[in-house]
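Next come two complexes built around chain A: one with chain B, the other with chain C.
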Partner chain A sequence: MIPETLLRVERLRKHYPVTKGILFTKSLGFVRAVDDISFTIAAGETLGLVGESGCGKTTTSKLILNLEEPTDGQVLLQGKPIHGLRGEALREYRALAQAVFQDPWSSLNPRMTVGRTIAESLIVTGWGSGEEIAERIRELLDQVGLRAEQAMQYPHEFSGGQRQRIALAAALASRPKLIVLDEPVSALDVSIRAQIMNLLKDIQARDNVAYLLVAHDLATVRHMTDQTAVMYLGRIVEYAPTKLLFGNVLHPYTKALFSAVLPPRPNRQEDEIVLAGDVPSPLNPPGGCRFHTRCPFAMARCAREEPQLHEVEPGHLVSCFLHEAA
Partner chain B sequence: MHRVPWIPIVIIAVMISMAVFAPQLAPYSPIDQTLRDKLLPPVWVDGGSMKYILGTDAFGRDILSRLIFGARVSLIVALLALTAGGGVGLTIGIVAGYFGGTVDNVLMRLVDAAFTFPAILFALLLAVTMGQGLTTLVIAISLLLWASFARIIRGEVLALKQRDFVALARVRGCSPARIMLTHILPNVLNTFMVLVTLNIGVVIIAEASLSFLGAGVPPPTPTWGLMISDGRGRIADAWWISVIPGIAITLLVLSVNLFGDWMRDRLDPRLRQL
Partner chain C sequence: MTELDSEPVLEVRDLHTHFFLRRGVVKAVDGVSFSLHKGEVLGLVGESGCGKSMTALSVMRLLPKGSARTVQGRVLLHGEDILTRSPREMREIRGSQISMILQDPQTSLNPVFTVGEQLREAIFHRTHGRNKDVMREAIEALRRVDIAAPEQRIGQFPHQMSGGMKQRVVGAIVMSGQPGVLIADEPTTALDVTIQLQYLKLLQRLQRETGMAILFITHDFGVVARMCDRVAVMYAGRIVECGTVEQVFENPSHPYTRALIASVPKMTGPIERLYTIEGQPPSLMDLPVGCRFAPRCPHAEQRCHDIYPPAFAVETGHDAHCWMLEAE
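What follows is the complex of A and B.
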């Protein structure tokens, strides 16, 4: 059975204008934070979005959460475009797509009780009576492993891991179909990470909610995701089912990402790629393949032409001339 | 950690009770003249008596009674002006900071304009056009205050809206108005309260200056500024008429500022977490 497509991202672009001057603004160009990316997430599935800082992961998640307007392209949730929504339609969409962010110290309002934070999406939509909402808060706290009486407490009384549980409870309140997880465990102690990841998996198994997991940590991605997309400078360079990708890394950039992780068996010699230099400025991305300035396998053609994503094996897409022949 | 400023707190409490219970506390009427007893010095000066502890002015009015009733005007003006000016500044600061862009630009240029405008001149203009009185005084002082409130609160909001909980509130479907009321406002109230206490002194001095210049509450209603103004012609022979209300203003402003400093340190969450 092919699972139904929940989220479809089509040729999404987000360019930020860079200007100089206050009164007579002069355009210096555009930062292409997200430049023509497409992917889909099926209901109840997890897509991992990997890449180094500044590659456009967070902009992508903001676009999907409708916190930013795209320059071009569209995002469809259950077949309906999400941008340009107003009033009731926007509220309906908000109930379906929720988020948990990276920094548990910044994602809770210090002046609001935990219960109010969790119930906020319900209060805003007039979901039910005070009694029903209180019951739902108890239920949600129980689901994320906190005690019902903790609803009356303020965020400063909780640890980072507990705060992330509260943020998750708040995201689950409106029974969303999609939760954007922007680095949900990277700010936590290693000992807490596994707990939160397992909690996320349990919730997914029970509620059939889909996740977009934005991460830079490959171990997290491998543990959590069904599909993985690797981003570099606003583009997806490799996109495949996670099992396939972790067994057969094709793009040189993805290889470099894997080389940067400590290997499980350090004695075994593997071909390592250590990247030199910095990521080029997205204000002025290199022509041709964006990775050619740092790629150890770059050919003359890479500087002239831009490779497109193409299927190398079933479900495994790569944008690199090295794998074109296949 | 800073110690609780007990002396300023006691002084402020005394002044507030003076204002509240003025009719009960004052030994004489603050406006009735007893010309027979004019220009009597305070009790500790030669010629003074227990009848008029702080002496009398040129019309034989009891200085102590006028001081007690004067506290009323000063504190009422402070309360009203801080509520009006502070409230407007708080609202404008939140709106400008949250929306940013053109809204922010327009509002902040208004703030700049308010800063360049000579407040005393404006108050005199108001007094001439609207007539002297409490309302004029409160409006004039509010106009002096709102801009500094707006600027500081806006800065606070700019930092606050970068926090993730504001973006998450949008994701949960909160409207801008709701975000400003439930997420931004409660988080700037600390700063606001500190600004209020730090500005009480400014307001009291402004009230005194405007009354001194004749743009405040009309005589014979006693205010501290007016009392100083009354006595300035006799500073050589009857210094107490001006000096005693002067000391009262100094004490109150100093106490309020010390209290405000302590509040600021107390409410700063970065200091509190230590």
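What follows is the complex of A and C.
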């Protein structure tokens, strides 16, 4: 059985204007943070969005959370466009799509008790009576492995891992269908990361919630996701089921990312692909393939034409001329 | 590679650094000993709050003013105890004999001076040379850390550079003092993965060229596997296991080391439920009398809660503080 498509992102673009001066503003161009990307997430599945800083993964998650208006393209949740929603329809959307962010120190209000933070989203969505909300908070804290009486405590009384559990409880409160997880474990200690990753998987298995996991750590992505999309300078360069991708990496940028994963055991093999230089500015991305300035396999054609995503094997999409003939 | 027979360039003996707060005494570093030999890279691994950064700051004598004090122990740099040196003498030692790279290059560079001014200051401090010579050496130093077009870059301010480039400038400043010992405290944690690999390779090359010794502080076992010759694992203010990288990875002998290695997701093999360590590290204000890991350890017995285990040798050069290793 093919699981139903929950989220569909179609040719999404977000360009930020860059201007100079205050009174007589002069346009300097656009930062193409997200430039024509498409993907889908099925109900109960996890899509991993991988890439380095500035590649557009956070902008993508903001667009999906309806915190930004796209320049072009659309995002559909259960077949309905999410941008342009107002009033009750927008509130309904907010209940369906929630988020957990990287830093558990800044994502919780220090002046609210944990119970109040969780209740907030229930009150906004008109969840039920005070009694019902209190019951739901107890249930949620139990689900994320905290004790019911901890609802009366303040965020500073908790450790980083516990705070991330609280953020997750707050996200789960309105029974969402989709949770955007923006680097949910990278601020945590190694021994705590495993606890949170196991918890996320347990919740998904029970509630059939879909995740969009924004991450830079490939081992985490391999462990958590069903599909993986690799982004570079606002574009998806490779997109495939995680199992397929990790077994057969095709795009040179993805290869470089994989090669930069440090070994789990000591070895001193020197066949690493070390990329020269930094990621170019998205203000004036290079013409042709955006990766050609750093690509060890670049050809003359790569500077002239921009490769498009195409299917190399069933479900495995790559945008690179090297794999065009296949 | 490692010259274990040679005299250590840096030797830390029974170091205790405590924070004296109104609420009590925080024993951040509580009896740490290790030695670092010429040309060696020693990894100091552990989670936040285990005392690895405080160990480094104690060695550099750069502890936060006021509450923190090194109350016991010796730090021997080339055989001489630097804990007894005056602040003035320490200023001469820092930079020329022992240097440090911090996690965030943004905070180690001064935003109101160009990188050239900051680099030239460091070079001038050592050579007292003429302006022209200092400038030439500064450009050369930037080229050595793989900065393209150093003649242009030298006049730029830190905010005009990317994170990886700023960290390379910090590397150039540090190397300009020609220190024999370098302490690198999570130097790549703030960098992207491909930039992290670039930087690690650069550090490795500089280390081989100069033969300096590096104390590499990190929480990432991948970095240790890639960079280090030996590794020391810290937990709650103490080193619990120490050995060569091969020994510790092939045969982790302290339950904490084993758990840390097992809880990291892998790039190969079947996807299984991750191993987790239950609970939290103990409060450094109220440490258990026995083994500090005992409250979280699946193998703990009564003795573990009562008496702190001494170091037991697993092999030559590899030992761990765990009662399970006794009489084996």
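As a working rule, the second predicted complex is superposed on the first by the 318 of 326 C-alpha atoms of A that agree within 3 Å, B and C clash if a C-alpha of one lies under 4 Å from a C-alpha of the other, contacts with A are read in each partner's own complex, and residues count from 1 in each chain.
By our rule, contacts are C-beta pairs under 8 Å (C-beta built on N, C-alpha and C of every residue); 3 or more make two chains touch, one makes a residue touch a chain.
Since we're looking at a predicted model, the values are computed, not measured.
Undergrad: Count the residues of chain A touched by chain B and by chain C, then name the partner with the higher count.
TA: For chain A, the partner with the higher number of touched residues is C.
Undergrad: Give one of first, second, both or neither to describe whether A:38 is in contact with chain B, with chain C, with both, or with none.
TA: In the superposed model, A:38 contacts neither chain B nor chain C.
Undergrad: Per the contact definition in the header, classify A:293: touching chain B only (first), chain C only (second), both, or neither.
TA: After superposition on chain A, A:293 lies in contact with neither partner.
Undergrad: Once the structures are superposed on A, label A:193 by its partner contacts, choosing first (chain B), second (chain C), both or neither.
TA: So A:193 only meets chain C here.
Undergrad: Name the contact category of A:275: first (chain B only), second (chain C only), both, or neither.
TA: second
Undergrad: Does chain B (first) or chain C (second) touch A:52, or do both, or does neither?
TA: second
Undergrad: After superposition on the shared chain, which partner residues are touched by A:259: those of chain B (first), chain C (second), both, or neither?
TA: second
Undergrad: Which partner chains sit in contact with A:98 here, chain B, chain C, both or neither? Use first/second/both/neither.
TA: Touch partner of A:98: chain B, not chain C.
Undergrad: Show which residues of chain A lie in contact with chain B when the two form their complex.
TA: 62, 65, 67, 90-91, 94-95, 97-99, 101-103, 106-112, 117, 120-121, 124-125, 167, 170, 174
Undergrad: Given the complex with chain A, which residues does chain C contribute to the contact?
TA: Contacts found on chain C: 47-48, 148, 162, 164-165, 192-198, 200-201, 219-226, 245-246, 249-250, 259-260, 263-267, 271, 273-277, 280.
Undergrad: How about chain B: which of its residues touch chain A in the complex?
TA: Counting only chain B, the residues touching chain A are 163-165, 167-175, 178, 182-183, 186-187, 269.
Undergrad: Which stretch or stretches of chain A touch chain C in the complex?
TA: 52-53, 159, 189-191, 193-195, 197-198, 201, 216-220, 222-223, 246, 256-257, 259-267, 272, 274-279
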